[in-house]
Structure formats: structure tokens, C-alpha cells
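Structure, as C-alpha cells:
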Amino acid sequence: MATLALRAAPAAVSAWRSTLTGAAATLAGFASLFVLWHLASVYLVGSALFPPPLRVLARGIELARDGSLLDNVSVSLGRILAGFAIGSACGVVIGFVLGAVAPARRVLEPYTEFLRFIPATALITVAVIWFGIGESSKIFLIAYTTVFIVIINTAAGVASINRNKVRAALCLGATRPQLFVHVLLPAATPYVLTGMRIAMANSFTTIVAAELVAANDGLGKMLWDARLFMLVDDIFVALICLGFLGFSADRLFRWAILRFARRFSPVM
Amino acid sequence: MATLALRAAPAAVSAWRSTLTGAAATLAGFASLFVLWHLASVYLVGSALFPPPLRVLARGIELARDGSLLDNVSVSLGRILAGFAIGSACGVVIGFVLGAVAPARRVLEPYTEFLRFIPATALITVAVIWFGIGESSKIFLIAYTTVFIVIINTAAGVASINRNKVRAALCLGATRPQLFVHVLLPAATPYVLTGMRIAMANSFTTIVAAELVAANDGLGKMLWDARLFMLVDDIFVALICLGFLGFSADRLFRWAILRFARRFSPVM
Amino acid sequence: MSLVAFRDVEKTYASRSGRPYTAIRGFDLDLAAGEFFCLLGTSGCGKTTVLNMLAGFEHPSGGTMTVRGRPVRGPGRDRGVVFQGNDSLYDWLTALENIALGPRLSGLPAAERRERANHYLSLVGLAQQGGKYPSELSGGMQQRIQIARALANDPDILLMDEPFGALDAQTRTTLQAELLRIWQATRNCVLFITHDIDEAVTLATRIGVMRAGPASTLKAVIDVDLAPEDRVRTSERFMAVYRRVHALLSDEVTLAALQAH
Amino acid sequence: MSLVAFRDVEKTYASRSGRPYTAIRGFDLDLAAGEFFCLLGTSGCGKTTVLNMLAGFEHPSGGTMTVRGRPVRGPGRDRGVVFQGNDSLYDWLTALENIALGPRLSGLPAAERRERANHYLSLVGLAQQGGKYPSELSGGMQQRIQIARALANDPDILLMDEPFGALDAQTRTTLQAELLRIWQATRNCVLFITHDIDEAVTLATRIGVMRAGPASTLKAVIDVDLAPEDRVRTSERFMAVYRRVHALLSDEVTLAALQAH
Amino acid sequence: LLAAGAARAQQAPAKMTIATGVDPSFAPFYVAKEAGIFSRNGLDVQVNTGPSGSAMVAFLIGNQINAAYGAEQAGVSAHAVDDNVVVVADGTELKRWISIVGSAAVPDLAALKGKTIGIARGTGSETFWLAAIKAKGLDPADYRVVNVEAPEMVAALERGNIDAFAVWEPWPTRAIGAVKGAKVLLTNEGIINVRNFVYMNRGWATKNPDASRRFVTSLVEAADRIKADPGASVAMVAKFLKQPPALVGELMPKVDYTMNLSGGTLANIAVAIDHLKGAGKLTKPVQPAEMIMPELMREVRPAAVALGN
């Protein structure tokens, strides 16, 4: 997130140094998170159901050693990415239609505005009816929780485009498809990307519901098993993994944006 | 959602008429949704697990008659509203801090960017440890899934404020708090509202996870029970209720925005 | 049949604060192919409103407005626009890419459109600046990119809303000369809004002066029948036109001031 | 000690496209309290850059810049700014509320600040338009709201970036007179950017002409020692100053044109 | 006993929070609440429900709730985390509760060979399947086992993703109604006895001996009541669960409700321990006897306690 520069930054600070201090501050933030967790666990709560971070770390290393953690992570990550990609792609297209074509919006909105309030957990059975108990139903569920957020943000992006930019393109002779490619798409890009970043969290959290469907592996499955057998440390290992994976995916996403989509001056 | 006016609207169309055609189109959209559902259920899927809309409607009327549906709806709605309100309020405050205060952002981001990937379902146990088995743990879970979306959108809003608007306020002698109240807050309002609209869906869907925690009533509870007893019609009644409640809440929210916050030109 | 015809056109804006505001009422204007029409008027009288309707951005609330006998339905590439203010530039394109967008949309091959864009970039005196993004350009530079973008698309009707407003006198003179040269070569129709009487008299074949709003119309239209060599301030005929326009405008300003108090 | 002092100031912009661009280098300027300094230069030479640094929006890349002997740390209410372009107006406030914001921030009671805002609204000729939102105002009207907003806050140093650029000649003349009147009453320091030499000679106590960029500096500073009655185009002394400034600028334009090709 | 209870009810009733799933096999909790047995014994009990009885056992850890009702395995897992989680009574015996249901293509158990079967891993479903293999002398290698959650069994069977499944009621009954040609191939009768236990937090029970005793007394009374008046009990359970009486009436007779502690209790705990150990899911060793706190039942109904040593 580029923060608001309330006063001009001294130009002398090199980009390098600011990257370094940034990384240090992020590390400090994480450190404080874990210290707080430790204090809360040991002194404040003192429950067997809320283990301190070091114990979770030890258990995590154990699970990593025997290879099962990596397996679970990679399987879940695959499902998340597939669902996220499909959901985002559909969301961008539908969002543009909603944002740019008034009659389509009127007819389509009941679908999006109705369906987005229906929880993925409740759709598991429906997903199995349609897609069976294989991978596709899991990916469907993840795509489902991704798509609506991308739709809304994309449509908001289209609606907030500066009027004169659209007018100028039409005066330059843009056809509808050209207007889309050359103006709407780039101008809405910051909104689309923000929407995708928000939706990413839904993709990650929905893996837990998705892997309730006949899964043999994955972090969600690990979580459910651990719950069933009350393996408290395992639950926290799975949670921490999800958190770190999400955090890393988000950083990667941001980096890619800054690297490849900087000219669309995304806001983050 | 105000759609992009690609060509100027004939001014002669009265606001009244456009409201009416809008409502008609929305109704048509809903009608088509239910017709499609009927066709899919009867001709395409033909499963006892995917009932046609009329059967669900009949069951819904039955449940409404005996009063249990209304009870469940009102209990859930209360929880959702409380969680949504708390989550949004915290989200706006944290979002502004993240967006406007660079050092705070660095330290706080690990928290938000890590925690938002941790599913509410997995936090049930932790919620009960902290907040007990009563209402507060349910409200906590809903607030939890609401807050991060509002944070991200608010921070994006702050970061996208036109530079010269901030500069002008500082030249007019604005202190930090004044800058916040008179410029950052109103300028970020469209983003905040979009964030809240998106987060609203999370509030509604999380009620299902929240009411997994030792709840004795509510739509989520109804859903879980129906799932355990394979009362397919009840499941769909609960889902449709969630969908309609969400849709209505969203409409109400939009109406309130247009009524009271129009000057901040919200984009929707 | 005239190229552009406004007949009894009215434009009423619905206002957020409640009361609708009628900017234009009973507005008549004909523009012929090949003419250079300058529109003058006090600030807020409705010049941009007229231009926006002709461009197809706004529909008249009453009356009819036609281009080549057909009502205007929306914007089109036959009418190029230079906007008042620079928010129509594309932030994600460099100056050169902004200029090249029109040719690109009409399918010109990459090499040709780059050449074309570079030509117009030099024409507005920014040959070295093509790689910069709009936010890296000064106000006057942005304005010149907008002019180059409109010219590069070679429209039949060129609608320009105070295009030289943010330019220093010298740059302005150069661009005026370039614009005249292009217009003489193509003989397109130009609707040119300005608040600089000198500029209007230098460029126009006709000058229209609008009344102060609300419900503004054209107060008078003056034919500027000056030979090229008379298009300088030192010419007596130039100054005669100047004084006529000046007088027309002054009355309106006094009126506007009276209304405002 | 002068009120404002630029000493050997440099400003280099990091550019998105790669190469950094040095807009200003070795720039020296002193402004005294009570003076009206007009800054002229070709489009893109660095006028706005100078103003932005003094306003505290941008830090110099080199050299020192002080106000009352202290380095500028950021924007403050002692330096009021009229921006080039109108994107600094608050869309969610009416014209009147925009003007009243400064007094509101400094805690003036509601009644007094409304009165004050209304006063400045009439001063810029928009007494009837206070209830409109910026998007409902014409370009020139927006610009006048911006001017009123800056004036209503009564800053020690007034920084104005082409404030009358979008106004017709008559409105401009009225506002010039108002500005002069206010300046004479308060004797604040004004830094006024314009590209209109007439305007500069009418208003300034000193005129600075900048070189064409890159690495621009002040080319010359001219004292304008004219009596009020000489501040009209018909005065010979006026025209003498005009011609001097014109000559200085023309050279730069030629230079800029040469560089561009 | 009744008189004593009534006398105590004059004082402020002791507050308790208990939790279980929504399933007629936990009927004693519901009946004690609905019939007012708890309040007659001077208890103010809040009954919470969750997705399963087992899920709620976890909340005994750290005493989030005071009592729960659930399966053996959940109790063992919870006891391994916090040894305060103990069994105070064995309340439910599920005689014909878990079944293997086959699709139209599988007429009998023999025909299941080489086919796919859905099992809910780590639950009674799996325990039953393993027991069935042993009892019927089947070769596990002949079957393709896939992990499916109970609520999705029917959908998976209908779609043909699986040819059969092993799971508890109400799913077998439902599947037969919903999927054409589906039938029960085998029930748990004579193969394995599934039980549900009443758990309490030992720390809390030791600190509140009086309330604990009255709590167990209430459950004993409720179980007796279910036996004595099945019709009224069905109505009460249906009311509590907000489920159709017909469905509840169909399910309740498949269950035997007797509050006791027996050798069978210990045996079932031992099986659960073995099963968890085998799956590598037990974090520390647990002895069946350590998991039982028989004092309360001994006080309330000594005759029902026969642990064998």
C-alpha cells in the first residue's frame, strides 16, 4: 500500500535503503505478532486449546520433516490457485459487463447480488451433485467465493472512470471492444487488482470448506482431521501455514503488479 | 451500480419512469433466476438433493407459518448486524491508520495481511476460548471476516486521494486530525462504502460458521441441522433466506448511501 | 444545408442541490464546412455546454441539433475534441502513445502511426518529451499533448475548448499559426472556444459572442473578413473587429456582474 | 533578511520511464515581504516546480530554500496556494463550503465564516452560485472558487499558479483589480505565475523571466517601477516594460524550439 | 430422592452449561431439559448444540462447558489433551445405527467386491468398516475406499462417484428414500456396538459435587422416562430438535438408552484407543480406566455400575 505522502519525502533516501527498512519493519511486525501470541497463550489464556508459538513451531518442523506438510501445502495451493484464477477471470468479465452495459446489469444483478450472500459451506452438497467428489467441486467452491468480490470491484472501477477519458476515446473513433481494451480495462485495473487482492483471502479461507468434500489431502483436510482428533498443535500449524502462504501470495501478487502493471498506477 | 454512460441519456426520461423500469428489470432478473433453477432441478439434475423452487417455497411457507423461520432469521440478522457494525468500524479506523501513517502501516501490515488468510471456521475454538460459548464469540467471528476487507479498501481509498486535495488542506492550515475529518474521510468514503458492501457478503456467509458454535437458533443452525438430517428443502429455505436477506440489506445500504452520502459521490 | 445546425436548442441541468439550471435556451447556430468559428462569452455563460452537445456528450433538453442533417446520437470520430482541462489524457500511456491512440484505433500499422504521432509531437514543440507520462508533464505540456492527439486523428469537425489557455504567448502564437496552416490545408470545420479576443480575431472566419447565463443564447455573430496580412494587432481592420467584439463582451460582463449581486 | 530565499536550488525528478529529469538547477531568488513577484517562462520551463517547492509540496534535490530564515519542511497555512488546474477543489463541498473551509479549520464561528465566504464568493462574481458543487460549475467558475478559497484564508505568502488562465478578459481584469486592492491593503507577499505579459506588467513589483528547461534558472529579474496610473497598456512606460519582458521571453522560446528539434 | 430435589430447588438453582449434537441418540439431554427434570433437581441448565456430539466434547477442555454427550473417540482425543475430560456415564447403545448402503448396481455384500465405497475417515463410519471386514472375513485390497463426509454420501452415491457407503443414521434411511434401488447391505448389529458417553470436566465435578450428582440423577431419570414413555419422549425430542416427529420416531427405537457403566464401556474405549493409536493420532498414551469417573453413577444408581474390577 502506497501511503499518503503528507509531506514531501526527502529525495536523498535511496530506494535501497527504504526497501531494507521496510523489510525490517515487516519483520518487527511479525516478531511482535508472535511475541504477543506467546504472552497471550502462556500468561493470559493458559488453555490446552491455545498452544504457544514455539510448540506449534516444533510440531510444524516435525510435520515438515516427514514430508506430509509439504504435500498438504502443495495440494491445497494448487486448488486455491486454480479456483482463484477461474474466479478472477470470470469476475473481471462479468464485472465489466455489469459496469458498462446498463440493461445487462439490471438483469444480471439479481444473480450476483443474491448468490454472493450464499455461503460456500452450504453449497458443498450442490457442488458434489454438479461436479462430483473430485477436484472440480473443490475448485468450484473456491472460484465461487472469489468471483463476486472481483465482480463488484471491477464494476465499481468501470463506474468510476473519468468521464472525459471515455468521451475522448469515442471521439477518437473507438468501437465498443476498443473502448473496453484501450480505456475501460486499463482505467479499471487498480480496482480490479484491489478486488483480486481482497478475493485472495476468500480463496484461501474457502479451501477449508472445499476440503470438507471428500479430500484425502490438503491443509483444509489436515485442519478437519486435527479437529476431529483434537490435535491442537496440528490445527495451529495448518492455520499458520495458511497465513504465511496467503501473506506470501499477496506479496508476490503486489510485486508482479509493481513490476508489470505499474503504468496503471495501482493503489495498494 | 451507476453504469458508465457511454452516451448521454435523453434528459426527458423522468426519474420515476427509470426507477420503475429498473424495478421491473430486477424482477425479471429474479424471475429468470428461479425459472433457470426450476429447469435445472427438474430436467437437468433430477436429484432428490436439488429440489425445485416451488417445493422450497412450500417448505418455506410452512416454516414461516409455525414461526420458527422468523425466529431464526431475526436471531441471525441480529448477530450479522452486530458483527458487521463492529467489523466495519474497526476496519475503517485501522484502514485509515494503515493508509495515512507509514510507520504504523509497516508494523501493522503483518497482522492484517497474515490474519486475513485464516478462515473463521478454523477460529471457532479460539473464539470460544476468548469469548465463551455465548453470543460474543459468534459476533467476533463475523466481525473478523468483515474487518479485513474494510481495512484494505479504506487504505486503498486513502492512498488514492488526489494529491492536490491533501496539499490544499495543509495550505489552509489543517492539522492532522482536521485533515482526517475534512479530507481523508470524505475522499475515501466511496472506497469505504464499496469495501463495506463487499464485506457484507462475508458477514452473511460467516453466520453459518459462527452458528456452528453451540448455537440453538439462527439460520446457520437451521442449515447445519438440516444438513445432518438431510432435510434438503430446509437447507434451500435457509440459503434462499440468506440470499434475500443479503440482497435486501445491500439495497437498504445503497439507498441509505444515496440518501445521506450522495455528496461523496459513491460509486456503485 | 449547413454542416452543423442548432435550432432552438435548450439545455437544462438537473442539479444535485435541487433546482435545475437552464444554461442555454433558444440557441440557434449554423456552421458550414470549412469555417473557423470562434465562440466567446463570459465565464460560465455556456460555451462548454454548446460544445458538449455538439460532441454528443450531452443531449439537448429541447430543440434539435443536427450534423449533416442527422441528429447527433453520441460522440464519433468525425468530431475531434480538445477538452477544457487535461483529465482526458490517459495516465497509463506516454505522451507519444496518447497521440498515437487515434491512429491505432483506426488500424494504422505501428510504424506509420509512430511516425504520425511523432510528427504531431514535434508540431506542438515536445519532440524530446514523447516518453514522459502525463503526470510528468507541466500543465501547458499536457494541453499540447491533447491538441496533438486531436489533430493526429484528422477529424472533419474540430471542437476545441480553450486549447491554448495554459500556454505562454509565444508558444501560443506558434500553435495558432500551425493550427491555421492545418485548417487551410484540410478546410475542416473548427469550433474554437476562447476568452482571448486577439486570438479569436486572428483565427476566426466568424466570431460568435454569447450572452451571460442563465438561459444564454448567441448575442451576435460577426463575420471576420480579414486578409491574412491583416491578421495582426497592428492592422487597423484587425483592431476594428477587436473593438466590436470587445464592446459586445463588455456589456455582457456588466450584465453578469449586475445579476450576480 | 528576505522573507523567502532560494539559494542554488536544484530539483531533479525521478521519472517513471527511467532517466531522471533536472527541471531546475542553480536557482536563486529572494522575495521580500510586501512584494508582488510575477514569474514568467515558456511552457514547461519549471515555474510550477519553483512554486511547489516554496509551498512545501516538493523538496529541493539540492541547495537551500528558506522562509523567514528557516528551511521549508512542508505546507503550512502561512503560504496559501492557487493550483494550476482545479483538481484541488473538494467535490463533496459546495462552492461556498469550499471557500469557508480555511476559516472553519481555524475555528471561526459558523456565522462569521459564512459571512466571510460569501464576501469572497461575491468578490469573484459568483454570489448566486454558492450552492453548486464543483462538478456543476464551468472551468472558469471553478478557478474563481479556488482563488476565493485561498484569499479567504488570508495567508502571509500567496502562491498563485496561472490563477486567471481560464477567465475571459473582462472577468480577469476585474479580478486583477480586486487582487491588487487586497494586496495593497494587506501588503502580503505574492508569487504569481502567468504567461500573460500584460498581466505581469499590470500587477508586479518585480518580474522574473525563467530560461527554458532543462536545468532552468532565472534569466533576468526586472523591477517594475510604475505608478498606478501607468499600469495600462496605453501608457508608454507600461509598453517599455512589456517590450523588455517580451524580448527576454522570445529568445527563450526560440531556444526551446531549437532544443526540441 | 424427589423430595430432596424439590427442597433444594427452593434455593437458587445451580447453573450449568452442557452441549451435544443434534441427533436422537443424545435424547437423555433433550428429555431432561424438555420434561423439566433438570429444574426439578435444582439445576438451571443451558443446553447448547453443535454439528455433532463429538465436536462439543472439545469444549470440556478448559471447562468451556460442564458436560457433553458424544462418541468414544472424541472423548479419548480430548482426554489426551486434558485429562480432566472424563466419562461419567455410558448413556447410549446404538444397535442398528451404522449401515453399509449399496446402489442399484450392488445387490448384496458380495457384489461390492472390486467397487468403490465411501467412508468418513476417522469416525464411527471407518471403525465400523474395519470391524465389518474383520467379522465377514473380507480382503481390504478388494475395495477402493474414498473419504466422503456423511452429508455428501447420498449425493456421491446418486452421481455414481461411489457404489456404496458406510455411515450412521439418518443417512442410510435417507439414501434409500432418495436414490432409486439403494438398499442396506449390512448393519452394525452383531458386528460392533457403538456407544455414546456422558462426559464431564473432572475438575469442575470435584469442585461442585452436589450439582454434579444432581446432574447425573437427572440423566438417569430422563433415560428411565424414555423407556417408560417412548411416545412422549419422541414428541419432546422432536420439539427440542425442531424436527418432524415422524423422523425422530423412526430413529429413536434404533437406540437403547440406559445410563450405566459396564465392561462394554471399557471395551469400547479400548477399541477407540487402539484405533487412534493405529492411525497415529494419539498424542499420549491413555488407559481406559483412567478415563472413567464412576463415583457419581455409584452414588446415584450403584446397581448400574459394573466395571468388572
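For reference, chains read A, B, C, D and E in written order, and residue numbers begin at 1 within each chain.
One rule holds for everything that comes next: contacts are C-beta pairs under 8 Å (C-beta built on N, C-alpha and C of every residue); 3 or more make two chains touch, one makes a residue touch a chain.
Just so you know, these numbers come straight off a predicted model, no measurement behind them.
Taking the definition of touch as given, a chain qualifies here only if it contacts chain B and chain E alike; those chains are A.
Most remote chain with respect to chain C, judged by CA-atom centres, is E. Two chains share more touching C-beta pairs than any other pair, namely A-B. Taken over every residue number at the interface, the positions common to chain C and chain D amount to over half, indicating a same-residue contact. Chain C and chain E have centres, each the mean of its CA atoms, that are 83 Å apart. Computed centre separation for the pair chain A/chain B is 17 angstrom, with centres defined by C-alpha atoms. If you average the CA atoms of chain C and of chain D, the two centres end up 26 Å from each other. The geometric centre of chain B is 47 Å away from that of chain D, both derived from CA atoms. The set of chain A residues touching two or more other chains comprises 6, 47, 49, 125, 129, 170, 227, 263. Each of the following residues of chain C touches two or more other chains: 16, 56-57, 74-75, 85, 87, 133. Chain contacts: chain E has residues 58, 62, 151, 155, 158 touching two or more partner chains. Across the interface of their complex, chain B is touched by residues 55-57, 74-77, 79-81, 83, 85, 87-88, 90-93, 101-102, 104-106, 133, 149-150, 153, 155 of chain D.
Residues 47-49, 68, 125, 128-129, 132-133, 212-216, 221, 224-225, 227-231 of chain B are the ones touching chain E in the complex.
Those residues of chain E that touch chain A in the complex are listed here as 54-55, 58, 61-62, 73-74, 77-78, 80-82, 118, 121-123, 146-149, 151-152, 155-156, 158-159, 161-162, 276, 279, 281-283. Against chain C, the residues of chain D that register as touching in their complex are 13, 15-17, 21, 40-44, 47-48, 84-87, 94, 122, 125-129, 131-133, 136-141, 144, 161-162, 165-172, 174, 195-197, 246, 249-250, 252-253, 256-257, 259-261.
On the chain A side of its complex with chain B, the touching residues are 1-6, 22, 25-26, 28-30, 32-33, 45, 47, 49-50, 98-103, 105-111, 113-122, 125-126, 129-130, 145, 148-149, 152-153, 155-156, 158-161, 163, 166, 170, 176, 179, 184, 190, 194, 197-198, 200-202, 204-209, 223, 227, 235, 238-239, 242-247, 250, 267-268.
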